[in-house]
Structure formats: C-alpha cells, structure tokens
C-alpha cells in the first residue's frame, strides 16, 4: 500500500554529453524522467512507499521507463499500457551565459490517449495518504486533464492530502487555458508549490512590495498570502531561484503556512544538472509533511534536497535522507566522505 | 545542377552501442539516415552530383540532418522546412540468432505534412538525369504519395530515368494499399530494385522454378522477367540475401536487363551494420548506369558497394569508388592498406 | 507471492570494454550478476513472479544490486542486509584462441556471513512452487552451505519443486568437499542441471560409450541415466557446449526425463558474452516446467533461451518469451525486426 | 556567390577528453578548426554566405576537414588539394591555475606548399564583399605570406572590405619577421582586430595611461587610436580578456571607430572551451558590419558571440543569431529554454 | 639507487565518470593510487629517483599497479608479491554542496599480510636519502605497523631523513590506537606533514589563539610549534584547506621550521579531482628539501604543486617542475600555453 | 643489463573506435607502437630483459611513448631525445571485405634526425645477447640506415645474435633502394623473419613449386632454403597468412633451420586487431631461441604468440608465457578461465 501516489507523464530523456550542443553530440545519454515520476522516485529513495500512475506505450521504452522507476523502489503496478508513443525530451546542457535547452517531442504520447475508466482511481487511492500532481499533466490534453480531475476526486474521497506543483509549460497550453483548468482544480489542493512566475502566469497573482527594507522577502510573502487566501491552501511553497548563469544559481525557498512565512538557507550552487530540481523540492516538502517536520525544518529540508539535486546528472534525485539531513545541519563543505 | 535527385524521409537514427539491447543502453548513438537520403549520400561520396529533397522540421534536428548530408556533398538546397516533428528510428544491433530490431517513431513527422505546391518539382528536375525514390515514401501517407506522383510526372517531363526501390514496410501500410499505390506509380519507373519478397508482397509476383538444376537462379530470373514484362522496366535488380544469422549473411544480386540475367559474385559477410545496405546497392546501380557500365559490371559494382556497406556503422556508405572497384576486381582479402 | 525463489550470491561485475585485457582497460563496465540472481531475473523477464534471496552489504553497491534486480521485476523483499563486503568479479572478454578470464574477488562477502535464523525460510517459501539454487552457493562457506540445507528443507516442506545447477567452481572449494556437501543435498533435488564435466567432478559419474554410431549422444544419455538413477531426479538436463574458440561455440542440450532423452537443436553461435548462458538455460528449463511444456519443447526452449543469452552483454538474459519462441520455431536468421 | 571569403589553415584538432592531461588521455576527440575556418563557419552558422580558401592534403583527413565546414554551410568549392600533410594541433584543457596547452604539429602541412597560381584569386573574389585573414596565415611560411599578399590585392581590386585578426604566434615566426611582413600587409586592411599584446608584439604599439581614473579603458583607447592613425584603419577592435584562471575569465571588448571608442558589456565566464573565442569575436564583428549595426551594437554583438563560444566544445561557434541577440539584450541568466 | 623511498599501499581506484553517483554509473574509471605511491610518482615525475615499496597480489591488478608506477618512472623493483587481494577504493566525485564519497574495499589486501622479513629493509635503504610514509600504512594492521617500524629503523640507520604525512583514517583504526602507534613512531620522524585536524586527532594538539588580529595564522603557528616541540621535528608542514564546497576550495599551507612560520600564497581552486592533493603537497615538500629551497620557497612550491593536482583527474600529479615553478612565480592565469 | 636490444621507431597510434571509418570517428584511441618497440614490449611481458633504442622528440608525446614501454618493463634508458616531431599513424579497422587502413604521418619524425654518435652503440650492446631490428628502420632515411649499420657492427662485436624482420614498406622507400640497403645489411643477420612477399620484394627470391602434392609447403621451404643459402642465415622464419577477409585469417608459420623445415599449427582466427602480430611472431621466435626451444617448439611458440596478438587491441601483445604455452599445448577452445 503506497503512502504517496503521483500521476503524470514519464518521458525518455535524451541528453547531449558534457556541454555539447545538439549540433555536435555523437551520442545522447538515455535516462527517464518527468515531474511526477521524479517526485515518486525521490520519495522512494527517501524510504517512503510511493506509487506512480501513468499510461505508457507497449514497447521496450515503456518497459524501460517502468524498470527505471521500479529499480529505485517506486511501485509501478498501477501503470497502464496502451497505444501511442513514448514521450521524448531532448536536453542540451548550457554553461555560463548559454542557456540549457529542451526540445520536447511528447505530442501524441501514450498518456495523451488516456480514457475515462482506464484507471480505477478509487482502488488506486485505497489506503493512500498523499496525492501529488503538477500543472504539466492537465496541460497534456483534455483527456489528461479529465484524468487529473477524476484522480483528485478519488484522492479527496480517500482522505488524501493533495499537493500540486504549478509548473506552467508555455509550449503545452496557453496561459488562458491554464488559468481556466488550473483554477477549477485548485479546490482539491491542500499544498501548492510553485515559483513567483507560475503564480503570475497561472493565477495572475503578483507580489506587492509592501514595505521598504527586505523588499524581496515581502514580495514573496505576499504571493504566498494571496495564494493561500484565494484557494484556502494549507501551505504554499515558493522556490526562489536566482539565475546568475547556466553554471551558477542562487537557490532558496519560502514556505507560507498558517499565515506565517519561513525562509530557507540560500545556497550558491555550481550546477551539474538542474532539471528535476523543482521536483526534488516538491518531494522534500511532501517528505517533510509526512515526517511532521515543523515549517522551518520543512522548508530547510526541501530546499536542501533540491540543492543536492542540482549536482546530480539526470532527472532523479539520488540522495539519501542522511545526506539531506547533513546539509540541513549546515555542512555544505563538500569534504570527501570516506 | 545535380545529376541525380532522390526524394523521401531522413530520420534521426538512435542506435544502441555495441550489442546492447534497448533495455540496457546507457546512451544512443546519433546519426541520420533514410532510404533515399542514403542513396543521395552514397552517390555524392562516389563523386556524383546528387540532391536530396524532403521536408524537415524547423528545429536543431532538422538542421543537423541537413548538415549531415551537406557535409558529405549532397545538395540540400531543395529541402523545405516546416511544422511536424523529426522522424526517429531506434536501432538495436542483433548478433547470432538474435535479430536486430528497429522501433520506428516517425508518425506525424514533417514530411507527412507535405502539401501540394510545397516543392516546385519542375524546377527541382531542371537539368537532372535521374530520379530515385523508394516504396517507403508513398507509404508515409496520402500527402507523401501525392508528392511522389507529382515528382515522377515532373521527372518524366524533364527526361529523367526513374528508379524505385520497392522496400515494402509492413508497419507503414497494408499490402493492399501498397499494391494499389505502387501499381499506379510503376508506369513512371525505368529501373526497379527489390528482393523476391517485395515482388511478392507488392505485386504478387512469385518466381516459378522452371527447371531442376540451378533452381534458385531460375526462380530469381523468373521474378525479374515477370516484373519486366508487367511494367516494361528497362532493368530489374534483385538482391539475394541469405540470412544465416544476424552476424553473418550471404550477399549477392541479379540484374535482369534486355531479357537477360546477370549474377554477381556472392559474398560471405561478417556484419557490422547491415542497415542501409539495400540503399547502397541502389546507389551502386545508379552509379553503374551513369557510368554506362555493362550489365555484368553494373551488378558486380552495386553488389560490391553494398557488401562494403555491411561493414560500416550507420546508414551511410562511406566508401570510395576506388574501394568498390578493388572489391569488384576480386580483392576481398581485407589486407591492411598502408 | 512469488512462484519461484532462488538463493545465492549476486556480485558486482566489472568487465573490460570490448576485447581489452585487464592490462589495458581504461574503464570497467558495471553490472551485477550471479547464478541464482540471473535465473530469477530471466524468469521475471519472462513474466514469472520470481524472488531472489541473498545477504548484501549495507552500502551503495548492495543498494544497486537490489535496484538492478528490482528494476527487472525480481522480488527483492526477502534480501537481508548486513556486514561484509560486496562480492566482485572482474571479467575480460576473450576472442578466438584467447580465453575469457574471470578474477573473482568475493572472499568475505556479505553472504559468507549469513547466520542461522537470518532468513525465515518457512515464510520465504509460503505459497512458492519452485526453489532453485546452484553449486556455487554451498561452496561459499559452511554458513552458506548450512543456509542452502535449511532452505531446501523449508522448500520441501512447502511442497516446492527444487532444481539445482551443479556449477562446480574449483577456486571456491575442493572436489572432495564438493562431493561431500553436494551429495548430502541431492535428496532434496528434483531437477538437476549440469554439464558432463560437473557430473564427473562432483559425482564421479562418467558417461560410457555404450554403442558405436551416435557415440556422443549415448554418452550424454548415460550420464543422464546414472544421475537419475543415483539421486532419483525427476529430470536431468545436460548442456552440451562445443568450445570452438572464445568467439564461436556450438550449443545444444539434452533433457533426460522418465527414462528417455530429448535433444535440442544445435546452434552455431557467434559469442557476444557467454557468461550467464548456463543460468539462462536453467531459467528456461524452469519456465518450461511451469508452463508444462513437453520434454522436447522444454529442452528446445531452454536451449534457445540460452542461445540468445550468448548475444547479450552482461549476466542477465534480456529476452522475451516471444523472442525465445521465435527461435524455438526455427527462425535463427537474425533478420531485422522492424 | 559568397559574401565573405576567409583564407588560412584548417587543422585537425585532437583534444584530450575532460580535464585529462596528454599523459593520461586514453583517446583524443577529433574536430577540425583554425582561425579563418572558424570565422567562415561562424558566419555560415549566422546565415551569411561564407567561403573558406585553403590547401589541403589529398587524404581522408583533408576530406573530413572539408566535410566539417561544408556541413555547417561553408562554401568549400575554392579549396585546393595537393601534397603535404594535414596540420594537427593537440589540445589539453586546463582548469584553475593549470593552463590549457596546445602542441602544434603543423610543420610541412599542405598549405605551406601553396604556390603562386594555385588559387585564382580574382575569380575567388568575384562578387565578394568581405575578405578576412589572420596573422597566422603569413606566419606559415613565405609561400603562405605571398598568397596572403596576392589575396589582399585581388580582394582590394574586387572592392572587398578586408579585416585581419593580428593573432601573433610566437612558435611560427619571430617578432621581427612578423613586424616586417604584417606592416607590409596593413595597407590593405580596413578593420583590424587584436588584443593589446598583439599590438605591442607586432607593431610595438603600447597604450599610454593618459589620465588617472578609468585607467585601463584609456590605455585601450590609446592603442586603438595609435593603430588607426598609423594604418588608417576604418575600425580597430580590441578584445579585453582577464585571465583569472583557466576556468574563469572576464571577457569584454572595445571598438574604436571614427575617433571614438565603444565598450561592450563585461562577462564573467565559466569556461568550457575558450579556443576559437577570438575567431568568434571576429566573425561577430564582420556580421555586425554586414548588418550595418551601429558601433555600440557591433561591439556588443561580437563580444556576446564570443562569450557564448567559451561555453561550447570545439573550435566552432555553434550559436544562432537569435541566441546572440538574446545575450545582447541582456539575458545572461542561463535559464532553461524549453 | 633511488634518492627517495616510500612505503605503503597502492589501491585500484574505481571512480564514477563525471559527477555520476554510485547509483548511476554505467562504468568506472580505472586508475591506481595510494598516499605513498602518489608521493613516489610525483617525485619521479619531477625527475627525482624514487622507489615505492609495497606488497601486491600475484594477479593482473597487481601487475597493473606496478606498470602504472613504473610507467611514470618509479622504481618498483623492491615491491614484493604474494597472497591476499588487491585493495580497491571506489570514488564518486561530488559537486557543490554534495560531498565526494569514497567506499574503501581494502580489507585483507596483500599488504595486510606482510610478514617480518618479507622486505630486506637494510638493502632497501642502501644509498637512499629520504624515507616517506603516511599514517595510513600502520593503520592497515599490526603487520603493516610492524613493517613501518622496521622500515623506520633501517632508514634511520642508513642516514635517511624521514617524513610522515599524518593522514588519520577513521575507518581503519580508532583514535586511541592511532595515538599509541603513531606516538611510538614519531621519534624516527624529521619532517611532519598534516592538517590541524590530524594534529588534534592523532596527538591531541590544538592550536591556541594567542593574540587577536591575524587569528587563524597564529593558531596554525601554535600547532606547528607544539608538534615541533613535542617530537623534535626539524620541520612541520600544515595544509590549510577551506572547503567552500565540493567544487571550490581555498588552498594554502604553512611551514614551521627553526621556530619560524612561513605561509604560502592562498589559491582559490575550481576542483577537478582533489584526491591525492595532500600527497602532492608532501612530494613537493620533499622535492623542495632535496633541492635545498629556503623555507619560504619550499612551502610555496609544495602548495603550488598541490594546487595543480586539484585540476588533474586521478591520484597522480602529472605536472612538471616547470609548471610548478611557473605557478610559484605567480602565473595562475591559466592562459593557453601554445 | 638487457638480454635483448631492439632499435627502431615508436609512433603514436591513433585508431578509430570499433569499425568506424576515418570519415566518422568522433574520437581516436591513443596507444603507441612500432615494429621494434612491439618486439621489446612482448619480450618484456614474457619476462625477458629487453631494451628499446630510439630517438624521440622532447615533448609530452615522446614522454608518453617512453612511459608506455617502461610501464610494461622495457628498459628505456638508452632512448635519446631531440628535435623533430612524434611519428604518428592513423588506423581504421576493416571488417569483412573492407580492408583495414593505415595513414602514416611519420615524415620528419625525431628518429629521422638521428646523427652519427647520438647513440654510443658499443655501450648499448655491452652484455647484450640479441639485437633485433626490422626493415622499417633503414627505410626511415639515410641517417636511420646508417644508424642500423652502426648498431649491427657494434652488436656483432659484442657477440650478439642479430635478427631482422624484413617488413618491406612501399611508402617509405622503393624496392630498388630496399634491395640495395638490405642486401648490405644481411651479412650481419643470423635469424631472418619475413613472409613470402617480403622475400620476393626485397631479395627477388621466389619459391619454386618443386613437386606436386603438398605444393604450398614446398614453395615456402624453397624460399627458406634460398634465403639461408644466399645469406648464410642460421634460421629463416616465414609467416603464412591467409587473408580470408579483414575479419578472418588463417595463420601459421614455417621455421627453416639446419636445412630442415618445421611447420606450425594453423589457426583460424577471428581478428580483433592484427596490427603488430608479425612483431609478436618475431618476439616469440627470439623468446624461443633464448629458451633454447627445439625448432618445432620454437615455430609453434612464435605462431601461437602471434595468434593471440590478433585478439588484442593495440600494437602490444599483452599475453603471458603461460597463455602462450597453453595454446601451444593445444587448448584453443577459448573456455572461460575462472
């Protein structure tokens, strides 16, 4: 019986090696990932029973996506198989002033063919405590959006806490469509995760700079408050990325809960692979809630988990709770562990 | 002004390294290929002015497909760009009793969106001597089939010799559809290339074993004769592959022209990569005709060119006319050339 | 509830790339394997519920061994963790007259520390139909041998069929020790798998050439008969490898059951990686019994499964029942599957 | 008809992977590059018709150098072939306080054998607008220097703008020889590109610090003014590299035109591969002139183009005008482009 | 006749490529290294005759460890061979806040079986000027500790200067055991190398902050003074690492000799591979003494040598004295050396 | 004091990976080799004290060539350093009917600059028993040829046995030049190694087919006899390669000594890398003479050593006497050695 269920698309990720551009790469590195799958894997790697639900094609790549997740301990028994293709995304790692690039090739993938009744949501959520999804899933098409709604209803009935990562993707849907669909889904949601830009794009919520002084903090607090007020979220987590360059980022986060804001440590990060760091944050936040961490430790934990993800190739966050805890305790020295 | 024009789809080829299966490969090797593109490249590598026509997406992979061909000397100036995705095929190399496998992921690729008028065929064929296409192109959809028809008409008007490689692909269309479409296109064709199986699948032509003795040869001759008689081909080339295993093949061919059959040498081949060998044969046959080789040398040349292709990774046949000629002259010893 | 349980050691396999010797390799390819683990994985890849039992160190390599098996669908929930190191084997691929080489570095590995009571064998075998082990496990030390005995007893009580692969390893124990230990364990065994050399080394059973004519076959039949008679095996399977060179082998097998011998097809194999092929044979034989194949099809199936394994890098047999069936039906042509 | 022609040597570049030293590398990465070839490729990648003229050996490496450039759209039809060897340069990437190292192995390369009349310069420059060369070409020997002179004369007759990148190479010629040869060639030049050190080495021009305050800027301005005054250049571009370490550089530039100095943004760069960045700057400057950018945008463009080059492996600058423009507009954040 | 002899263990080093974690790496990079072997290799690469003494298994990995050292010029003729296994260490490179990790698998390695009389120490040290060992060797077990004592006695008799690198390894022995064994060995030692943490762990020596002002420096000086006073060392070298993250370190050192402290330059380092940097420091210090550098140049030299090591993959410091000297002279710019 | 000295050129070998052509390879594998260096390394790997003499450039590649040989135990102390470049050869592995190709880039290499007196030959040969060289060395130019003469004289004075491998290289000199130079050198030679083609090219000696029956054998015997008679060789070894394809060769040899011919076993070989196999044969023959094997065992040993070399990447023959002996005893089965 899983503790957490996530639902979304897992894609084949084909990344150029090192800092090669698409124009140069003699080969592409094969891994698998996707927002909700990454969250399930991160939770499983932290020792939480997590299941991932999706629809995959009946071919070798579908098999391998499952093998990847199952290998890391994710319960894949609820995944359904069918027609459609394997979603693919191509990734080119940036450096310095050159941005990383993603070419999505996910149109007509198996999950976009999901039909009502394909998944028996009520049995999926039996005994489950937490359901997580992201704004990418309803963006995959009306069928996928309908499935998210059905899942949310079933999860709510089963007494799950529901979290969402807003994750607006402009190449999947328009801002207007996103606003309409996401607004309808928010009543199911207890914990909302996103960044300032998502809040504005999807909900037209912009932070006001209420006082002078610690300006930025107040703006984020304001975003958290507005989101909480509008959708009655129990908690809102905002990630605060400072994009200095493709090689270096500042990274921190805020958790707004019970009318109070909690800010994490800020990390200066030399980036190895930042794809999936947001998902690691979400997983860290879910982990923290399941462990009943207080809000300050919760935001510290999720932020540290995601800081570590920036240093690991691939979508998945191969870190242990021990490693996260060490960073939360303040050891960011990177000394060799023998 | 190119001497030869080919038209079809070029795909991104993602192959597992060594003999790894899809389930195992940590990376995929990136090259580009497709029947007609392979023919154009082989001709360019033999010093013939060759142009390739297709429709490619407006993204990095489309750019790179062009760069690949242009690098080898193919004229890519007639390629058009537009919407749709890059066709992809995944390749896993077999060995011994384990077959090589291909997973096609080419549905909805840019060429399937080709529209009437996208290509100005009469200007494409101005001054051109030879037009080559394969049975894969019309199988890509009605739009592509219409484009083949339009191209054939324009090529015929321009006085081109037209060759086809039958290349039936069961996952692209049904036998019935292939029969209907291909039968309509044959009147344009002068030189028909295929194997015994294609002849039967696409035209229901089966070789009869007319005499005892050198049985097989007679059966192939009969196929050649029937094809020639039915469609008034100037020449029919039949490739004769003996699949001993995924690692070893016997390889030879027959050319049927002016009511006579010419058989090539038979090669025992240790296979490195057999994908694209049929295309190398077609290119060799076109080269032989352009060089006005006699039929015996023509079939020897095309067979030798394709024998060499089996030893080269990727779709493209990186061999020089000098190397083909050496093999035609009988040196298959593989001695180190210092 | 698994259908099959296997028990033994899984090691980290570090293989030189290509045909590099240990003296040359700049890197080593990391996979995991071991006789009984390979059998469990092959069964899981064929759709059988299979569990693997072992004792692994509490470190990253132990975690990864588990991830490897779990990814392929093996039930790893019965694996115990503890002190001791990860067993390692280094592999160098031979070619032609140069033999492949293995350097074992498995002394003092975690499984050699297994203690009575570490595994609750009766709960392990609840509901299980088949138990498989090999002669390697008891050779790992007295503790491991005791665990095999305990496992056999519990399996017998649970009504399991028990199979053994004799697999004598001269660097793990002496012939005398093997004879003593294995003879004591044979009463539990229903199905015995091995080759002629194992039979002689472990049980001093040598085939007599009873008649002239098809000499070899009779010798193998005699080995099968002697083994069956001595230990009351329900079936004896003898693999017949002809080592032509490190690159090429002849491969076939005999199944002796109910006083009758059944011989498989003989395959000429170009070898990619022959390590684990015996395990694939054992898995194929177990699969065949579980599917209630008749003896002729059973030996054909197991031999074909193992023939395919020779073409796949690593210890694990990444093939599907569909692929095995195609080879059993006689298609060893290796034609490209599109 | 190309818009730009460049003339020089293209070499085979053999680089150690990652940060391996020559003493360690198990393999070397093969690409091709050289000052003027890099400029031609960068222009072609920006959509400018560019041709590269050189003399290459009649072997596979000569063929491949051509294929590399032709693939990126460079017109290679003016390249001549002949005796002599392929120039090679070996590259080892530095890091931190350890410098990158280059071992040149270009003596006796094909271009050093270039003879008067090998290239028909007047036909080369027919219809061409811009000719670019660097101080490396005349340093390759008297024959090459004579060819540069002949090329300059023909380009001038054809009405081309001529640019030079000073690029002093101490292992190719002495300072005295460089001064003599380069001074004779400067009357042909309209646009001079270099750094402060080149100006001093080749022309004994040293910047004076005329005022206190913004000291450095004034010194560079003084260098620009002196160069302009002495050789009547229409424009002088000075690149300003701050070598903090092999991993990090400050990067900016100054353009001095019509008695005025324009300074670019300064970039802090995490270096992936800085070889060829000067050539990217030159190409950006030529592009800017052809697009008639004003001086401020011109220096911004060239500097941004070169900043991006530092992040791309190999000599060639695989960037699009869109990417350069984004950086010129100020987005150096490196955010993932999806 | 070597000038320097070192004694200790050399291990097989198996490192994940790039920044892959143990959980991800498809292959491991094979090199060899160990504290005292690294010192011998660094000295040989600097042109000093250096011999390494150890005990290695009689297998291919033992052979290769020898080949590695011999290739770099180390005299390996005193190495003895025997039973036991090859010590292995697995390395995973960290980045940013994620620490590098080492999994040692060296228990029961050949050197731990070293017996009295295996090495004829008096002949080993005939004509030798310097003996170096580290705190790792006596930690390998009582036999190894006894061998260190025997070696020290023989070296002293032969008139050698003896240096030690304290190098406490908590997974090899306890602090108490280390204190006892190391304290007994110190009377043989002339030059002691370590860091502040080693001094405290092994000798309970903690630096006092005697004055305000340049606080840290005084603390280190105090450690140097205490060590010198207690053990009558001729010189104490303390390395001062600031672990900002796994990607960046500050690096400097202090040499305390004749009651005076000498501090080196401080380097900001972008780390490629920091394993073995301490050994490079020790080798640089020995080199400096053999060259009779004054204390200020000695600490500058050793610190620069080690700074360069941080940029080189593997345990060995592939740098030349020329390169070290250039950095000592102040050129840390990393400009390309052509 | 070495037992064997060889003299010649060692080159940097840059080979395409797998079966890639020069046109395709993204990287080249770096090793070092050359006829006489390969012989020295093979002897050192067999436990014979062997020294290699050459002249190498004073750069990193020269250092690395030395490190390669020294690592395998070759005495490199007699190698001299100086101006000139590192000789390079590019290698592309053939397959099936496609030949392997070598592009030499060795003109003007350091050894071609060798001057009289650079090597003190009389001290080189003090205490040495055997001197080996090949027909490549005098072909490198008059200076190298003079050095061979000087070396032969000194070796003779020192009482060495002298062996030559004829090794005619048509791209280094003409047949006429070779005949003149080699004929002058033969009086120094005791043991002559070559193939039938070399004998004809260099000495115009052709085997007569004296009787019918075992025709070929008699022809080779006749070549051996003629060579022996003409130059008073103590032994003549003729290698007999049957080039079936680039993937498969038949391999055997004949030793003609004391008027009698001894033929080896014939091996059918699946080729991994056949470059250097002739050198392995020569080394095996020298080894056999030093061990005083009888002629039949001598030819068996040398042929087996070379058969094994065909299976090993690179120029060097990484095999042990144990492995050669096993093959000589008849075990060519390639069974896994555990």
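As written, the chains take the letters A, B, C, D, E and F, and residue 1 is the first residue of each chain.
As a working rule, a residue touches a chain if its C-beta (ideal position, glycine included) is under 8 Å from a C-beta of that chain, and two chains touch if they have at least 3 such contacts.
The model shown is predicted, which means the values in this text are computed figures rather than measured ones.
Annotation: the chain D:chain F pair of sequence copies touches via predominantly the same residues, more than half of the used numbers being shared.
Chains compared, chain A against chain C: the Cα-based superposition rotates one onto the other by 180 degrees, nearest 5.
In whole angstrom, the spacing between the mean C-alpha positions of chain C and chain E is 46. The set of chain C residues that touch two or more partner chains comprises 18, 21, 23, 26, 67. Of all residues in chain C, those touching chain E in their complex are 14, 17, 21-23, 25-30, 59-61, 63-64, 67, 85-86, 88, 90, 103, 105, 107-108.
Residues 67-68, 70-73 of chain C are the ones that touch chain A when the two sit in their complex.
Contacts from chain D toward chain E in the complex involve residues 18-21, 23-24, 94-102, 104, 169-171, 243-248, 274-275.
For chain E in complex with chain D, the touching residues are 18, 267-273, 304, 307-308, 310-314, 318-319, 323, 327, 332-338.
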